Amino acid sequence: MQTRRKTLKHSAIVAGLLATTGLFPHYAFAYNKPAFEAKSVAEVLKALGAGAPVESKDVTIGGPDIAENGAVVPLTASTALPGVKHILLLVEKNPSALVALFNVTDSVEANFATRTKMGQSSDVYAVAIMNDGKALFAKKEVKVTLGGCGG
Amino acid sequence: MKKIVFMLALAGLAATAANAQKSAAVLAIEEYRAMLADGNPSELFEAKGEDLWKQKRGPKNASLEQCDLGQGPGVVKAVFVTLPRYFADTNRVQDLESRLLTCMESLQGFNAADIAKTPFGKDEQKNVTALATWIAAASRDMKFNLPQVHAKEQAAYEVGKRLFFQRGGPHDFSCASCHGADNWRIRLQDLPNLTKNPGDGVGFAAWPAYRVSNGQMWSMQLRLNDCYRQQRFPYPGFGSDATVALGVYLGVNSQGSKSAAPAIKR
Amino acid sequence: MKKQHAFALSALASLLVAGCATGPSTADLDQMAATVVKSSFSDKGIVKVSAIAPEDINVACTAADVAGKPLDPAVAEALQAAQLKSIKWPADGNYMGDWKAGEKLAQSGRGLTWSDKADTANGGNCYNCHQLDPKEISFGTIGPSLTGYGKTRGVIADPTSTASKAIIEYTWGKIWNAKAYNACSVMPRAVHKGIITEKQAKDLMALLLDPKSPVNN
Amino acid sequence: MADPMRIRAKAEGDKATVRVLMSHEMESGQRKDSTGKLIPAMHINEVTASHNGKVVMTAEWGPAVSKNPFLQFNVKGAKAGDKVAITWKDSKGDTRTDEATVS
């Protein structure tokens, strides 16, 4: 790990690079609004142009059985299969199901962890969309307790 | 990932050995907490606090690098575990946050009374919390060792003890109503017994902490403030003698325990 | 800020000078604590500092807690007797309300904090400390489990027996004013202090004692 | 300006595990303010990761990612001394880039 001061100095340089050279034109991706506004898991996949999802043992969803607080629920999605285009994390009962979409390249493992908000107990999904458009998924239930005094 | 698995294994072992009657729900909650501990957003506040300490700010355009937190001007390492303590220049027992206000006033020219009156999470109050987070982090895993030498330090402990047991408000609650015995829980939340040493990284030794419920960083002052709110007590002034004396009572009780601050809490 | 602290600390300093090597007495320290309370707390929202004005029973229990010794039994009995007088018994002899309303009340821990509004509906705070409906996994352990309350005490099998009547009355009294039975109980005096109404107390009675209540199933 | 990120990148075998904390409200669009008005959504919606200047991963996020987001992923072939940079952009157009050295 490096010190904070270094981070700051470097970040200024990197930010400058990004601004001046337009380093990532190829990756100037459009935020997929319809997918993030879709209500159900099926609608999300439709918005992304993927096929009907098939449950697969090769995809893994990780998360707690019970989340003490729905504001922060740690989730992981991964697969060791080759030819993955996107990895998605979804919460079925959220107002919009899609939480995050990761665009996979050959340089990273198809294995991501982040934290999500959950309004209530729900099934959570990890979906791997393959290069051929096939969608493979794994799901698990996460119970959300409010905890505390409610005061 | 490996770290998470390791922590889970540890939590599982400790649970089976120490507390066989723990329900599946409690074990699942422990698993959840272990997952969160790996990647604590308090690090963001630490980074900000370090910046604020070194930055020239305020009407006097000065940094806090000459601030004396008890071990001499500028010493940050290991000071947190000796606070609250008596300071000769103010002739008061002060905790970390009230001492920071003193430094922000004397070195930087801020108005300490104004900052004390600012709501938590706003303006300079927000900065005090970030500073406290960074300073606490510089004592991580060190043992609490509050001085009880000066007469005012000894008196503050006794006053803090009386405040801890003071019953009042519509519910007759005191701090001890929740934190007065072993193995107590409100809903699913474990409540440390703070009438004695609750152990490493528990109770006083766990704040400042990041609260996942609201995504806020809470210093000890805010922790005590919200305890009093839930106790249905009136409002304790920021850095007031009551909050500092309570800090002395809790800190001295935690003598010898390791600080886990900045921690992460539900 | 400085002025406010100078107040409490000058009181402290003079006591220290007078106290010499042995340090301040218990009474001195009690006085210091009272002074600190006065200088530290202020009104906020619906909560006024008068809410923590000393009351005999609380002062006695706080002192016992600080000393680490239980109240003198005679003092405790006198305090309990005084609290017992505050309890109103239902004029029509009907103790039972609606267990569903009771469950809702038991779940809520809201009300009476400085961030609540005056018209916030106060909760009963029950699940904070007690287990009730066995299906609710989020319950506290400060108080005993009340799961099966009416069933295990025989009230459901024979609600009109002498034993059942005594349990019903005790339960009512405990909800109304817990300190009538244990002066230094950590349980609030729910109806006596206006946290809940008499009608709500009946709903809690039903939650504990109604044969259809989830507590007894 | 947005507060800095915390990035830790640790090499292990033939890959590096990157762990990132970002300072952001991630306003969900579901919350109401004290007057009862809905607070509009405002959240990070694009994340880009690069390894020694080459983009290795991009992500799109909705408002359901938690406040002060955490992200963990593994970069293949990254070793100690390599640079890992992260950029986020939010729905208001605010952006932030930070870089760390793999340890």
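First chain written, first letter: the chains are A, B, C and D, and each begins at residue 1.
Keep in mind that, in the parts below, a contact is a pair of C-beta atoms (placed from the backbone, for glycine too) under 8 Å apart; a residue touches a chain by one contact, two chains touch by 3 or more.
Being a predicted model, the structure only gives us computed values, none of them experimental.
Asks: Weigh A-B against A-D on C-beta contact pairs and write down the one with more.
Replies: Per the contact counts, A-D leads.
Asks: Farthest chain from chain D, going by the mean of C-alpha atoms per chain?
Replies: The most remote chain is C.
Asks: For chain A and chain B, let me know how many angstrom lie between their CA-based centres, rounded off.
Replies: Chain centres of chain A and chain B, defined by C-alpha means, are spaced 34 Å apart.
Asks: So how far apart, in whole Å, are chain A and chain D when each is placed at the average of its C-alpha atoms?
Replies: Roughly 12 Å separates the two chain centres.
Asks: What is the distance, in whole Å, between the centres of chain A and chain C, each centre taken as the mean of its C-alpha atoms?
Replies: Chain centroid spacing, chain A to chain C, equals 47 Å.
Asks: By the touch rule stated above, which residues of chain D touch at least two different other chains?
Replies: 4-5, 66-67, 70, 72
Asks: Mind pulling the chain B residues that touch 2 or more other chains?
Replies: Residues 1, 25, 47, 186-188, 212, 215, 230 of chain B each touch two or more of the other chains.
Asks: By residue number and range, which residues of chain A touch two or more other chains?
Replies: Chain A, residues with two or more chain partners: 4, 71-72, 74, 76, 113, 115, 145-149, 151.
Asks: Which residues of chain D touch chain B in their complex?
Replies: 3-6, 17, 19, 21-23, 25, 66-68, 70, 72
Asks: Over in the complex, which chain B residues touch chain D? Could you list them?
Replies: So the residues of chain B in touch with chain D come to 1, 39-41, 43-44, 47-48, 210, 212, 215.
Asks: In the complex of these two chains, what residues of chain B are touching chain C?
Replies: So the residues of chain B in touch with chain C come to 23, 25, 90-92, 101, 112-113, 116, 151-152, 154-155, 158-159, 161-163, 165-174, 176-178, 180-181, 183-188, 191, 229-230, 232-237, 239-243, 245.
Asks: Would you tell me which residues of chain A are touching chain B in their complex?
Replies: Per the touch definition, chain A meets chain B at residues 4, 64-69, 71-72, 74, 76, 113, 115, 145-149, 151.
Asks: How about chain D: which of its residues touch chain A in the complex?
Replies: For this pair, the touching residues of chain D are 4-5, 7-8, 15, 28, 30, 45-46, 48-51, 53-67, 69-77, 83, 85, 87, 95-101, 103.
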